[in-house]
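Okay, so chain A shows up in both of these, paired with chain B first and chain C after.
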Partner chain A sequence: MPAQPLPDFSTSVRLKYVKLGYQYLVNHFLTLLLIPMIATCVLELVRRGPEELISVYNSLDLDVIHILCSSFVIIFVLTVYYMSRPRPVYLVDYACFKPAPSCRVPFATFMEHTSMICEDPKSVQFQTRILERSGLGEETCLPPANHYIPPNPTMEAARAEAQLVIFSAIDDLIKKTGLQPKHIDILVVNCSLFSPTPSLSAMIVNKYKLRSNIKSFNLSGMGCSAGLLSIDLARDLLQVLPGSNALVISTEIITPNFYKGNRRDMLLPNCLFRMGAAAILLSNRRRDATRAKYRLLHVVRTHKGADDRAYRCVYQEEDSDGHCGISLSKDLMAIAGDALKSNITTIGPLVLPMSEQLLFFFTLVGRKLINPTLRPYIPDFKQAFEHFCIHAGGRAVIDELQKSLQLSAEHVEASRMTLHRFGNTSSSSLWYELNYIESKGRMKRGDRVWQIGFGSGFKCNSAVWKCLRTVKTPVDGPWAECIHRYPVDIPEIVKL
Partner chain B sequence: MDVLTTLTIIFLLYSLYLLYKSYKLKCSRNCYLVDYVCFKPSPDRQITTRKCGEIIERNKNLGLAEYKFLLKVIVNSGIGERTYGPRNIIEGREESPTLDDAIEEMDEFLNVCIHDLFVKTKISPRDVDVLVVNISTFCPAPSLASRIVHRYNMRDDVKTYSLSSMGCSATLVAIDVVQNIFKSGKKSLAVVITSESISPNWYSGNDKSMMLGNCLFRCGGSAMLLTNDPAMQAQAKMRLKCLVRTHIGANDDAFNSAVQKEDDMGRVGVHLSKDLPKAAMRAFTENLKRLLPKILPYREIALIAFHIVKQKLVQPNAKLNKVVAQINFKSGVDHFCLHTGGTAVIDAVRQALRLSEFDVEPARMTLHRWGNTSASSIWYVLGYMEAKKRLKKKDRVLMISFGSGFKCNSCLWEVTRDLGDGDVWEDCIKEYPPKTIVNPYLDKYGWVNEETEETFNREERIEAFKNSPW
Partner chain C sequence: MTVSVETRRSRVTVYAKSTAPSLTPVKPGKTHEFTALDHSMSRHSVHLVCYYRQAPTVTMTALKESLCDVLSYYPAMTGRLVKNEGDGCGEWMVKCNDAGVRMVDARADTTLDEFLATATDEEERQLAYWEDVGSDPYLWSPYCIQFTDFKDGSMAVGISCTHFHADPTCVAVFSRAWSETHRRALVTCPPFFHPWAFYPRKNPVPSSPHLSEKSTIPPPLHPPAMSSVTFAFSASSVRQCLADLQLSNLSPFDALASLLWLRISSYKSASLGTAQLTLAVDCRRRMSAPLPLGFYGNALHFFGVKADLSSGWSHIASELNCHVSGIKEDDVWSSVEWLHERSKEKAFQMYGPELTCLAWDNVPVYNAEFSPGAIPVHVGCRIGNAQGEGLVVIMAGAPGEGEEARTVIVTLPTDLTAQIYRDEAILKYGPKIMFSPNI
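Showing the complex of A and B:
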């Protein structure tokens, strides 16, 4: 094969600068336009001279009433304008549940338990293969009830797990923020597969003696994307209630959901789901703006339930033996990609800089009118965000998203490492990932974070946050004792 | 100076535009109830007296003491002959409900009720912006909200929320979610679905505190369409004036008054403690304290304040019972939609608010015709009032509901036009109120009070029952 000629570096370097120049010009167009305008105004003022300006002012014949009325009108309009703007929603702080080492489920434990519980050796083999390729590590945790052989999923055990994970997270949050339980105005709890009476939100009201006029909501069955749904609900409420704060709890209770049967598509959750919870404090009070970590910019929700395949992709049903489990279809990746595309179409215009939007628009016009074979331009989301938190649903999900969004290994590192250390903790995984980024000292003031969650339904939800103050390390949280060991290299297959 | 004048004019025009926009936003903050539809299950799902008896006698875990208790409850329940139950219980499979049974029960409701709502209001499912579902004791994956989105092919930017375990007061929690979304000003259409899942929650043990649920809960549900679009005001039935939520979960007794747990044999049921009525009253009082200033006319509030001050001056340490006794609750409310938790609940609320039999008739008749359909019961009560043509323009309707936790939620609606749509009550409204609501069990099962542990023989009784002409 003839040797490829070396690429002409001089042209490629110039192209890079051209693109940079183009981006700077388009993104700061209005600012750049302002410069000649200000220059002209200043020149004009200097040209006229001070005496002429004074004579112009005198000729206006203003007296006190005119000045008062016009200032009143200006102040009134400005007040109305500021009051009609949506209230900013701040994330004061958040805390994640840190499981105790006694709940650890290393591969050896998992395989031993599985071989003792499962009668069918083929299922055991299948689960081994899944675990080898899962991207999970040796320190993920299951609740105490799942350590029994066979697991003991009573209602009492499920409640105990709920109390353990939720109360630990809230206690940590109270310690971090100095939050007084009596000052909580809104409480939103989301837990997909465990919904006892009274609700988990009532359980929290009871434990922390919250006020009787609290607005509490308990969301259930909404899958792994429910964390961002709760944030959306809290945001809607904070827009309406002045001077309030909201406590959002995202968790998944594993105890009652162990699948006892042999169907392969239902065994996957047993291998991937692990214990976790996150407690988040949101506020719309101005005084919290100085101590808040993030500000919520956008929440975009996409629901693909109208499509049959998407709806059936994560489906709870009973197998032929009557065992209840959640089946994950083979189409999951394709559907996730599709849902993400819809979500991006809405969020793109909100977050992408003008340069990327114009490029996308011109390529679209070009494809439609001039040349249909032109490659579609995939907007560079790395321009809009510094950090990405992709739901750690499984290795395949992270790979798929890395490919579609053209992200580097560093961008998805938080997701991969969270999957490795904590497993798939469902709706709270996004918060473990955010904590990873902070613990690594990468979160600087002004950085924007994009959280993407996927869930049954099929839903794809995104939230965009802006960092308000640089987060100093060391960060107290679930990563505190192990962050120095990360990132680790996760092999494709771990031989068991 | 032309430049200056032009700039001033542009500025003034822009300010006027801003003022107009914020005025329009304010107008879109009202929450209107466009219409609602209650669910009427098919006639083959009716649970008659005979059916109830069969179901009780099937349960081998029950002895004489439990029989007596159950019959006492059923006789005093105020529930009639035409309430509805889920298929698996009617077909004798109550001890081993499957996921499919629960989904089938929900599907029957979702497929019929929501379809009727869209037809009645002439709205397309693709126009719905917000969907809030509250079904307390059943939360499958994907959620029932997703099930509805799938079934009715809704848009992909629809905001769905699936509330769960919030008890019999959850419908007002759902309305709270919707009204808060509406307050942001953007014109939206919201659908609220309320129901309860009975099939997976049958208690098959013999703990008395857990058997009450089996006797009282029945199948039902309702679907409501709400909007904040002022253009739909003419079509709307009612406008929401205020909504007050009270949660006394901080009190341990109240929190533990209704708890789902396993009994000694490991069977799951909802344990209703003896503190439940007290918790309900406490929650109700808390709720009234915040509700009354919002619903009573100023004159009445001034009068109450005057009496309180007078009492405080004369007898500073005495309780305010006398003052409370003088409050005229009916000055601010014309109709009362009470949650049909049971005759005890209705009687307690009636006594507390000093209502007449006419005021609580809709609640009693709903309990008789439909049983306790949990959160959707207040919509059946509203339906009764409408069918009886009691609701006129400018009337105020107060909805009160209770729920586990312990919660008491209430809201006040203002009727925007004269209403007269019979909906599910159409075929039977003429029979109500009936001459008597005494339970026929009293005749048939009166023998229970004569039997003792020695003389009681289950098998004999079942044989006798099977051979009876009734």
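Showing the complex of A and C:
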């Protein structure tokens, strides 16, 4: 008689409740321990009565010196503790650039231009295939210079694009927060592929007449994850400067980077990169705590550049015809997965609840000591965060992360919809995704957000934010006019 | 001693080409089908050029923005030609794939007034950039809009399109809708897409002797080089013409069309006898169920008028008047049905090769105000591929010149054009001569 197959324990309802019980027990361990202790103490005090308490106090024989010294010690310890805590960094508000619909690039227009500009029909076919499977929509925008046949990437046009996207975002931010330009203490700008002299940060100082003692920084060449690097830099500076605020601008200027050649590994950015920018206001002032939207909890940076394969994975170079382009290697997804694993290993202990950490620890011990074939335990990050903002680098990136972090469709919805509506806007895409979540009315007080950025180097950076006040809809931003149409169903292949 | 005639270098330079998308994406799967009339016009193209004085809101950037806006109402304009495989008829139709219209940026090395006074026929042609369909119709934009900046900040907007999509009235109505969108005003003639407007009647009577005759004419082996000249008749000149005709009930069109017919024919052959003129008339409003002015597509009725040219100008004018006012709706339908029957065959030349006249003066063309109160200084209209004996386009003149003012654009074989714009009988009425050939 064939043995009955064992019931699948992992899906049994009973096991689910066991797991829930275990999590509650471990995560609230201290509470569960302290409450009975406090209850016992109180009962004991009540039992003994006030006279006994006074007699115990008198028997201690304390005089003024003892009391003063003890209070001094307590106050000293508390002061040292509070002074040595890192300054909280608040995200007062942020604004994303909303491109004008006249800049949009429907698929048909893109393919027509490509056919007219590209001499090699195989490249045209390749780009058609990429666009069909890209997950982009018909409303993504390219800068005006890229609408010409052939594109006209002059430095003037690149500066014009930079001015358009950056100044629009900053103007929006000023309107939202009432920020006065002369009160900005720190300015950090990141734009990987366009680095003129004077820098983009100088351009902003010039336009908004910022103070002469402003601490300005311009990060270039750091790839699509540079947005979180700028936040990290601003945070570090805010630890050193008390009572300051920082303006962080994340953008990518597309105009100078149109690839004119035929190498397949370099054609992807043409198809996926789109115009976008974000302006973020950070502050460490106590009075901003009441009006800030988020507080920065952690920033974790992982750099895999020491490995040659990871270093060459996203590489800007000239092809055999002398055309400059960014080549993406075939192992990009594998390297990204690797970098993510390293990042998770560092961020896990900082954010995961104790229950998950214990399970991971025990599985790790088990694998090392008892049975090496035990499946590694992938911690459930859904318990640490309510919202996920995954860099909208491409459909493959989002799919890969959804699989490895075991996220549901709703968790990656913000990333997918941002890719559809705005394309790959590089470092600013995380902010468009955050705006999507807010516009949908899903951001509540106490929610934690995990922003994950990937970029050349190869780098994987994470930032963890905690929401300080529920964000009410409707939200003014790039999603304002189209949020009611989302989420949309994005087909696997759009037939062109 | 040899006298060398140097053709002057053109002052118009095209420096950039791009594509304008519509502001709102088109719903996928949308299509636009052509009527039999559209198919019949597929060999020609329409070119409309409007000239505007400098105004703060009339800049290339602002016009491009409002162009994208108005294109949201015209999904057929931003689509591409594909063969209709669905119904099995294999005819051309428009797949509204949201590809956009081609835009061309140009500059003219002169001021607007100097251009209008001294530009040649060649230079005016260069204000409406046009590329014929290449090897792949799917990548070809049926519309092309050129923006030309003049030295004094004035602008010329040139709209070119294939006659397959639209007739001159349709293009004029589009430019009006565009100007209204630019001013953020209400669009008075929104586009009306109705490919069944010219579907054959229940009991079709397909017959068009004129068109049947035209379809049998073989295309000329060596089409002559054509050139154009524009005559701008002021209201007083037209009134003088009408007075000279000494007949009542004649319209400015009758007077001018007959005058030109007579004069052109007199240069072609010394002796005048019975001749035939092909007339093209917009019949949107002539149907018993009239089509709105915004009807998108072709609604031109072609028919022949015979007259004895030796019997004098007045006789010819009254013949024209008779025929134009006496167009019967049945004739229009018969010719539509005849075209419908042969729609699968290759289209033949409609404007020409015999002498043709387009009666377009009943359509307002000076109402495309991009800046409030600033109507175009001048509007010109040309038809592409009208080779042969010639084409006369009679359109409304600038409102500033009076209600009876007319602009007449005459396209003839080059040697005839040279003679016609020096013709005493025409010059007697003092028309302003513009855009003469570079001779």
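Throughout what follows, the second predicted complex is superposed on the first by the 471 of 496 C-alpha atoms of A that agree within 3 Å, B and C clash if a C-alpha of one lies under 4 Å from a C-alpha of the other, contacts with A are read in each partner's own complex, and residues count from 1 in each chain.
Following the convention adopted for this analysis, a contact is a pair of C-beta atoms (placed from the backbone, for glycine too) under 8 Å apart; a residue touches a chain by one contact, two chains touch by 3 or more.
Just so it is clear, the structure is predicted and the values come from calculations on it, not from any experiment.
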Exercise. Are chain B and chain C a fit on chain A, or do they clash, once the structures share the same frame?
Worked result: fit
For this session: Quick one: classify A:138 as touching chain B (first), chain C (second), both or neither.
Result: second
Problem set entry | Included angle at chain A between vectors to chain C and chain B, based on C-alpha centres and rounded to the nearest 10 degrees | 90
Problem set entry | First, second, both or neither for A:81, with chain B first and chain C second | first
For this session: Identify the partner contact of A:112: answer first if only chain B is touched, second if only chain C is, both if each is, neither if none is.
Result: second
Exercise. Of the partners chain B and chain C, which touch A:314 in the superposed model: first, second, both, neither?
Worked result: first
Exercise. Of the two partner chains, chain B (first) and chain C (second), which one does A:305 touch, if any: first, second, both, or neither?
Worked result: first
For this session: Quote the smallest CA-to-CA distance from chain B to chain C in the superposed model, rounded to whole Å.
Result: 15
Problem set entry | chain B/chain C common contact set on chain A | none
Problem set entry | Interfacial residue positions of chain C with respect to chain A in the complex | 16-21, 23-25, 64-65, 68-69, 80, 97-100, 136, 139, 141
Seminar exercise, completed: So, in the complex, the side of chain A touching chain B is made of residues 56, 73, 77, 80-81, 83-84, 86, 154-156, 192-193, 195-203, 205-206, 209-223, 229, 232-233, 236-237, 239-240, 301-306, 308, 311, 314-318, 322, 324, 326, 342, 346, 456-459
Exercise. For chain A, which residues are in contact with chain C within the complex?
Worked result: 100-102, 104-109, 112-113, 115-116, 138-139, 147-149, 152
Exercise. For the complex, which residues does chain B have touching chain A?
Worked result: 1, 12, 15, 18-19, 21-22, 25, 98-100, 136-137, 139-147, 149-150, 153-167, 173, 176-177, 180-181, 183-184, 245-250, 252, 255, 258-262, 266, 268, 270, 286, 290, 404-407
